[in-house]
Amino acid sequence: MAGEGFVAPHVDYAGIAPVIALTVGLVVILMSGVFPTTKRWAPGLAVLTLGATAGLLLWHWDDNISLVAGALRIDDLAISISLIAILSAFTTILLSVRERAAEEAGQGEYYALLIGSVLGMVLLAEAQNLVTFFVAIETLSIPLYILCATNLRREGSLESGLKYLIVGSLGSATLLYGMAFIYGGTGSTDFAGIAHGIEVKGMLHDPLILIGIALASVGLAFKTSIAPFHQWTPDVYQGAPTPITSFMAVATKAAAFAVFVRFFVVALGPETGDWQTGLAILAAISIVVGNVGALAQSSLKRLLGYSGVAQAGYMLGGIVVASEKGVSSLVFYLAAYLFMNLAAFAVVVARERETPFGDDIRGVRGLGAERPALAWPLTISMLALAGLPATAGFIGKLYLIEALVEGSFTWLAVFIAVGTMISLAYYLRVIAAMWMSPGETATATGAAGAPGPAPIISGASPEADPVDPQAGGRWYLVAPAVLAAGITVFLGVIPQPLVDFATHAGASLF
Amino acid sequence: MSATAWAWLVLLFPLAGSILIALGFRRTSWRFAGIVGTGAIALAFLCGIVALINLLGESPDARHHASSLWEYASVAGLQIKLGIYVDPLSVFMVLVVTGVSTLIHLYSFGYMQSDAGYHRFFSYLNFFVFSMLLLVLAGNFVLLIVGWAFVGFASYALISFWYRRTTATRAGMKAFVINVVGDIGLVLAAFLIFQHLGTFEYTEVFAKAPHVFHANQWSVTAICLLLLVGAFAKSAQLPLHTWLPDAMEGLTPVSSLIHAATMVTAGVYLIARTHVLFVLAPTAADIAAFVGLATLLVAASIALVMTDLKRAIAYSTMSQIGYMVVGVSIGAYSAGMFHLMTHAFFKALLFMAAGSIIAAMANEQNIDKMSGFGKAMRFTSVTMLCGGLALAAFPFTSGFFSKDEILAYASARGGMYLIFTILGYFGALLTAIYTFRLIFRVLRGEPCAEAQELIDTGHVHHAAPFNPASGEAEDTDIGFPGAEHHIAEQSPPMKVAMGILAFLALFAGFIQVPGVDKAITNFLSPVFSDSPLAAIEPSTGAAWFGLLIGGLVSLAGIGIAYWLYVASPATPRRLQERFAAVHTFLYNKWYFDEAIDILVVRPALAVGRFANRVFERYVIDGAITGGAEETIGRAGAIVRTFQNGIVRTYGLFLVFGAVGLALYFLIQQS
Amino acid sequence: MNIDWYIVLSALLFTIGAIGILVRRSPMVILLCLELMLNAANLALVAFSREVGNGQGQVFALVVMVIAACEVVVGLGLIVAIFRRKLPLDVDDLRELRG
Amino acid sequence: MINALLWVPLAFGVVGLFLPKRAVGWWATAGALATLVIGVIMAFGFDNGAAGLQDTVNTTWISGLGVNYSLGIDGLNLFLVLLTALLWVGGIAFAAFREQERPQLFFFLMLAAETATLGSFLSQDLLLFVLFFDLMLVPFYFLFGAWGVDRSAEGGPTPAQATLKMMIYTLIGSLLMLVGAIATAIISAHGGHLTFSIEAIQHQGVPLGSQRWIFWFFAAAFLVKMPAFLVHGWMPDAYRAAPLPVLVVFSGVLAKVGAYGFLRVVLPLFPQATAQFQTVILLVALASILYGSVMAFTQTNVRLIAGYSSVAQLGFITAGIFALRADGSDGAVLQMVNHGLVVAPLFIIVAILVERTGTEDLRSMGGMAMRAPVLAALFLIVALATLAMPGSANFIGEFYILNGLFQSKIVFAFIAISGVAMSAYYALRLYQGTMHNRKPDGVASREISLRDGIVLAPLVLCILGLALYPQLILHRADPSVQQSVSAVTGGEQLTSTIHQSDRQPGEFEEDQIQVQVIR
Amino acid sequence: MEAVIFFIAAIGAVVGAIGVVAARNPFYSVLALISHLFSLAVLFLLLTSAFVAAAQVVVYAGAVMVLYVFVVAYVGSAQEPTWDPVPGQRLFAGLLAFFLFVEISAAVLSSALKALSTHGPDVPAGFGYPAAIGNLLLEKFLVPFEASSVLLLIAAVGAIVLANRKPRSGPQAGDGVVSSGHSAPKARPEGATPAPASQSEPLGAPK
């Protein structure tokens, strides 16, 4: 194989156009950051890049082709996940307007890193072999390590960055080690090759493969913040600049789940019987841990972090059943999750900037009377996350549960039900704060400390002092919130389009 | 128009009257209410007469008609029509009810004049008459139950008519709840009947029963016993009688109409109506008879010592109903109904008189405080005497014939049933004694202050209104006992009513005299002809012998009463001291209230308190809700303690997870 | 020398690296320990690539080196930032976020 | 038509959001009235004899998941729908006569709640049913929470806490029900085409093994909703927190959805399981009857007296359904409507009383009949209906229920009927305690205002009307009920069966003779 | 012969690794790591992957380590106290790591894969030589190759973002004090005065 003359691989430039677009965009934005004049174009450029990429991706809708010597494969799953990531990134850009972190890092760098992360996600969603997979996952993570730390003034920001880096690297090291074993066991780094290798080499149920699967799933579970590998989630979510948190909450999860599905369903398809129950147990654990963990949180970002853990548990169900419906339900849920979270985070950002409470729940007290335009989105998103009807959340749960029951994992479905029940306790607490308790803004205009010192776990540290008392009215915060909430409800009433979308994505794997 | 059509009219008038008065309470005068109320009942009475005539026009065995307006609730195999059943028995009852009611309405027209709740009173009273008629005319058990409950409600409403008297409301509640117990008995009986006969219609039930059940089969016995629960509750037979004395809280006209003349006799009617079943269940019938007997004696014994005028009469009512129950249970149907009728007359009369006197006493009911009204209130005392004589079965008064006919029948049936005769006469003795105890103590002797005032000034005595039961001052908002009271002497309507009744009390007995005529028996015979017991009949001689004994007993009783309360007034006190224990026992009404209180009421309330204070708090809120919260909260705390912010701990957990997962994957295969 | 020896060795190194991350508190040393783990993985990859006889593992190893370098750079950058921020270079003391 | 019925309220509510404060109340009332009118029109178009569904709508909603948007009316839900429409008119009008804060939102939520409730009654698709069943809760969560009464002063919960409790309690059930519903569809599909249509599933059937656990998932949802004994923990707090106009519709209708669910879903889809667990559910029902009654006559808070009385009433209804006889279930359907018709006015009256007395403690009320005879009269009628006075439709309802119970499980009937006596006590206690006895100081004994009269009178008239002709409901409900019940009993004719031991007297004598011969 | 080298190298690697973990002083840890890397390079050679070995020496032991040394020199190498504040941390760390090791080795040794207990197949000459690796990199692994280059760029940017702080944010070091008002006490050289600048400075305005 080696030695003979070099034969350049056929590169389908149309196919990798999205990737190229992102790369180019990244470089351009970086450049723009250099000169003070062009600096403020950076957000615009970033939006442009994302738009272009989205367009290119949509252009490839429904054609499943593998690119560049089988390193990548652009199919509906990849596209749908990439689109989710891009949408999330887009919102993040909106939320980052006037965000201190962006200033600290310098516009150019900030958005370049964001785009870089998106690039990683797109690659990850399309990855077809272990090497690409690993590179992509790092391309996804490393910018995030940095972005978390970009609000250099907030100790919490640095802390979260470092924590994320350390645990993250530990995770990826484990993942890598697992990959090594899988490669060793099957002699191939291609997903297809692995599946093939497992069968022909008679490696089915072989310890070598199994240990590989175990370690790899640790790494993936870490990225998707499945308990007990979730512990970074609340801390990092709380410490990171809120726009970045929203990005991590949705996009990272989506991309990681995409590769999770691909890797397990395609590469480890033959081993399904071995890993199903294992993952199911993980799912159950994170449902419980996430939901009970969120109960007593007073920092909204932290609360959303824990709820993210629980939600990840639900979504893992879609992988557990390893069926087409499972994958579709996963994609559906991810899409729904995107909108629910965006609405919530947009509101959090707004309140963070206009109240002295940071992301503390006191910040949304009496919001219903004060700023309905923010209260409704947050309300809807909470109801949706709690899986109440007439929201996308309900349909998503319905979809997942249907997949689970069909895959005869009813017990996990019951877990989801019970978990949801617990989750009401904290989602509704937020709603109650908004509608059923008087506003506290009046009493606490002085400082966060006015009504007793802010609890330690709350993110209400004075660096988060109001940077923009009018934030609650800014279009770039209200519009995303309202829009996302609207879509959440719309998809709860007319889910058919998204269902079709998801079914396509699911079908592309089987 | 057929008899049934008239029967429907009988039902219609009182109902219409009730609604009319109720709706017009704002705009119309009290006179309007009184006239409409009385008129409606009078019309109903006339319709009853017409129905009777219609019925008499037919051959005896064709004298029963069923008629229904619409399907009330008929699905899934049940069939419940809104239907009535007209036969001699129901017509008889209709006449008694409407007749007496008319007079009592007339009486109330005067008696209630100064009551603010005048409209309400007449509306209720008409509604009661309607319910009572519904009860007697009902064509199936469900409708019977409806009427049954309606009269119960009417009695409740009228007992607690002066609803700011706590005693009154409490008494009303008691009456209602006990009556509901009775209703439940009937409902269960109906279910059982349906289970075996598949219908609720009288005609079908009575037609099928003899073929379906055999004598003393458990099911038919059960049915009869359940029916008896209803009957006893309504007719204040042991042990469900305690509500009746308390019901005397109600207005005197009400006591006389509902709690003497009509409603309380519904139990008797029920037994007579369902005699077919009782014939099939002799055991049940005997039980009924013995309960009746017991009630008869117990009530009479209590009546001996009661110092509250109305309560004393109430106990005598119980005792008299005891006679009727005995009668209809052992088979003396027509005799029972006869006594029902006569009793309606003289007992209503007695209450009216009592009401008149109480009014004169400014609402005081304690006979110890009364005396000498004989002079003060001529008319009242005369009428009261008539009633008393009838009640005491003084020879040739109505009570004399009716009561003794029952006892004569008992002796004629012989065997075990002689007990009823003997004890019946003993009861008669007691009756005579307590009746004349009242009469002597109230009418004779030196006029008391109130009486004197009446004699001197001709004005009814006035006093600050107070509640005789509790002694607390009255809330005069709701009028009566209000500004002025009304006594027969000064109120023509009352006079008329009492006069008519006095006449009836004395002479109504002559329509059924052994050997001479037996109008009632003949009239009712088509109803009871199917019962083998109806055939039994004492010979005229035996009957007259019985009457003789009865007469002597009654005279003896009156004599004793005279000796005790007139000749040597000290004796009663001595007797009291001599038999203190007995006296207190009787005075406390055999401690029935206390017993029920301890056996039923307190336990129920205790359970309630337990459920409220302990179970709800510690089990529902504590264990179930709190437990769940606790567990979840704990779990949350644990999760958060591991979330200690130290990155190395997170690493530790990650590795731990890796180890665990790897272990799982490795062992699941081997 | 048989391949499995190499693998076991790499496992040993991997676990030593893990221990390092768990017990050391200086972020720098932790980064070094990460290097250990990645290198252990590299060793495994190379060994396996020898065992299966294709070069993919080696390429993978090379890529891993690059990535390791990136992580180091970012990590060191963070460390410098923290240092500049006058915060202690001790991961245990960075625990404002918890609960 | 049926679509209009379902969506008109919501439409009005949405429009109402943009109206001025003063107008919105009337607008909402108009919306409720419009709904009622539509409902009545449909009722007139209803074919009485038929058992099947009428004017159905059925279109695919989520094709991928086999969920259809299918509605329909039959004997089971016809009158419940009417009841819903009627009570909402009452509740909304009653609220419209009073000052509400943030009225636009208030009435929007009320009307949204109506749509959700109607949806759960109308939907013929299992999943749609579950969806509406859960959805119902959301508006009430806000109504109770944001407009509720704060009890923290008297050591009670705040509205937020109370409603949170309610939500969690009720959603335990309904989430499990969601799983159950999906499982039902998938299992019954046997790998074939997945559908949630109740009829289809009934046709395909569910294997007994699965029925067993699914049954309990559904039962959990319905029993909590009612609420039944042991899972009623949310009721006291919620009832004390709720704003009274909302409580009118809440207690009037929502509890019935649970009972209705048993008839609509559980009996047809899980017949064997139903038969198997009959006794257990009956025990729960019995416990509810006794416990509810006992609590009702020891409570002193007027709301809770009414609340616990509904626990008892729902116990009766459940018992009737699980007598598994047509008459029992007929009675249950009738009783659902009746109870709605009495408990709603009851709460309106409670609201009026509270306004006049400024307290909810029975002990510090009383003597109001004097100056408010009309109110007293209306209250009296309602109270009598509550205690199932013979002659009221409630009596017929309980009569049928108990008869069914009596014929199938005699012992239960005997115990259950004791609840009737207790109901007499607590209903009268409530009436007397407020209307009769001495009037404490500070009690403003005013006559009912004309406006409230307008709200209250129609409801009372409905009670009277039904009292005269309960057949109206029974007759229409019966065919559908027969259908549901026969699913369990295997369709044997459910008329009364003569007891075996009964025989002709003739035979009896022969037996005796034989006996003698043997001797 | 081969075995001997293996063992020497292996021991070197292990010792180096332990050195990294054990050394109190970061500087020594770095040195230990370098030695470790060298011995790994030897092992790579044994596994006939010359290019990797070379890269190992050049990139790692060379470039990366130098970076380390610089940073260590910059932030100063503080002695880390020997005791561990987190109770049981070391114990569990050791135990878990041990288990992990056992599991992995067990997996390896119990694997059914024949090739594991061989030297591996005979490979063509030039296996693992730059040419072969190069081909692979530019054919099969073109994407990862390019991607990792982008990643390097990102990392560089990141390093700049984090490490280079504009002079204006100097005083804001003070924020830390305010910020950590409720966090573990720390050595804080400069005073506790919150910088008013941080409040009033208009953001988004061009500096």
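Each chain carries a letter (A, B, C, D and E) given by its place in the written order, and its residues are counted from 1.
Note that in this section contacts are C-beta pairs under 8 Å (C-beta built on N, C-alpha and C of every residue); 3 or more make two chains touch, one makes a residue touch a chain.
Predicted model, so just to flag it, every value in this text is computed and none were measured.
> What chains, if any, are shared contacts of chain A and chain C?
Shared contacts of chain A and chain C: B, E.
> Shared touching chains for chain C and chain E?
Correct list: A, B.
> What chain is most central when centres are computed from CA atoms?
Chain D is the most central one.
> Looking at CA centres, what chain is most distant from chain E?
B
> If you tally C-beta pairs in contact for every chain pair, which pair wins? Let me know.
C-E
> Return the distance between the CA-based centres of chain C and chain D, expressed in whole Å.
Going by mean C-alpha positions, chain C sits 65 Å from chain D.
> Hey, how far is the Cα centre of chain A from the one of chain E, in Å?
26
> Using the average of all C-alpha atoms in each chain as its centre, how far is it in Å between chain A and chain D?
Each chain's C-alpha centroid was found; their separation is 44 Å.
> Once you find the CA centre of chain B and the CA centre of chain E, what distance in Å lies between them?
99
> Multi-chain contacts in chain E: which residues touch at least two other chains?
Residues 86, 89, 92-93, 96-97, 100, 103-104, 106-108, 113, 116, 127, 132-133, 136, 140-141, 144, 148, 151, 154-155, 158, 160-162, 165, 176, 179-180, 182-183 of chain E touch two or more partner chains.
> Can you tell me which residues of chain A touch two or more of the remaining chains?
1-2, 131, 134-135, 138, 142, 145-146, 149, 152, 155-156, 161-163, 166, 170, 174, 181, 184, 207, 210-211, 234-235, 425, 456, 461
> Which of the chains are touching one another, listed as pairs?
Every touching chain pair, ordered by label, is A-B, A-C, A-D, A-E, B-C, B-D, B-E, C-E.
> Which part of chain A faces chain B closely enough to touch in the complex?
Chain A residues touching chain B: 162-163, 166-167, 170-171, 174, 205, 207, 210-211, 213-215, 217-218, 221-222, 228-229, 231-232, 234-235, 274-275, 277-278, 281-282, 288-289, 292-296, 422, 425.
> Would you mind writing out the residues of chain E in touch with chain C in their complex?
Interface residues on chain E, with respect to chain C: 2-3, 6, 10, 13-14, 17-18, 20-21, 23, 26, 29-30, 33, 36-37, 40, 43-44, 46-49, 51-52, 55-56, 59-60, 63-64, 67-68, 71-72, 74-75, 78, 80, 84-86, 89-90, 92-94, 96-98, 100-101, 104-105, 108-109, 113, 115-123, 127-128, 132-133, 136-137, 140-141, 144-145, 148, 151-152, 154-156, 158-163, 165, 173, 176, 179-180, 182-184, 186-190.
> Quick one: in the complex, what on chain B touches chain E?
646, 648-649, 652, 655-656, 658-659, 662-663, 666
> Under the touch definition given earlier, write down the residues of chain E that touch chain A in their complex.
Its residues touching chain A are 103-104, 106-108, 110-113, 116, 124, 126-127, 129, 131-136, 138-144, 147-148, 150-151, 153-155, 157-158, 160-162, 165, 169, 172, 175-176, 178-183, 194, 198-199, 203-204, 206.
> Once bound in the complex, which stretches of chain A touch chain D?
328, 368-369, 383, 387-390, 394-395, 397-399, 401-402, 405-406, 410, 413-414, 416-418, 420-421, 424-425, 428-429, 431-432, 435-437, 495-496, 499-500, 502-503
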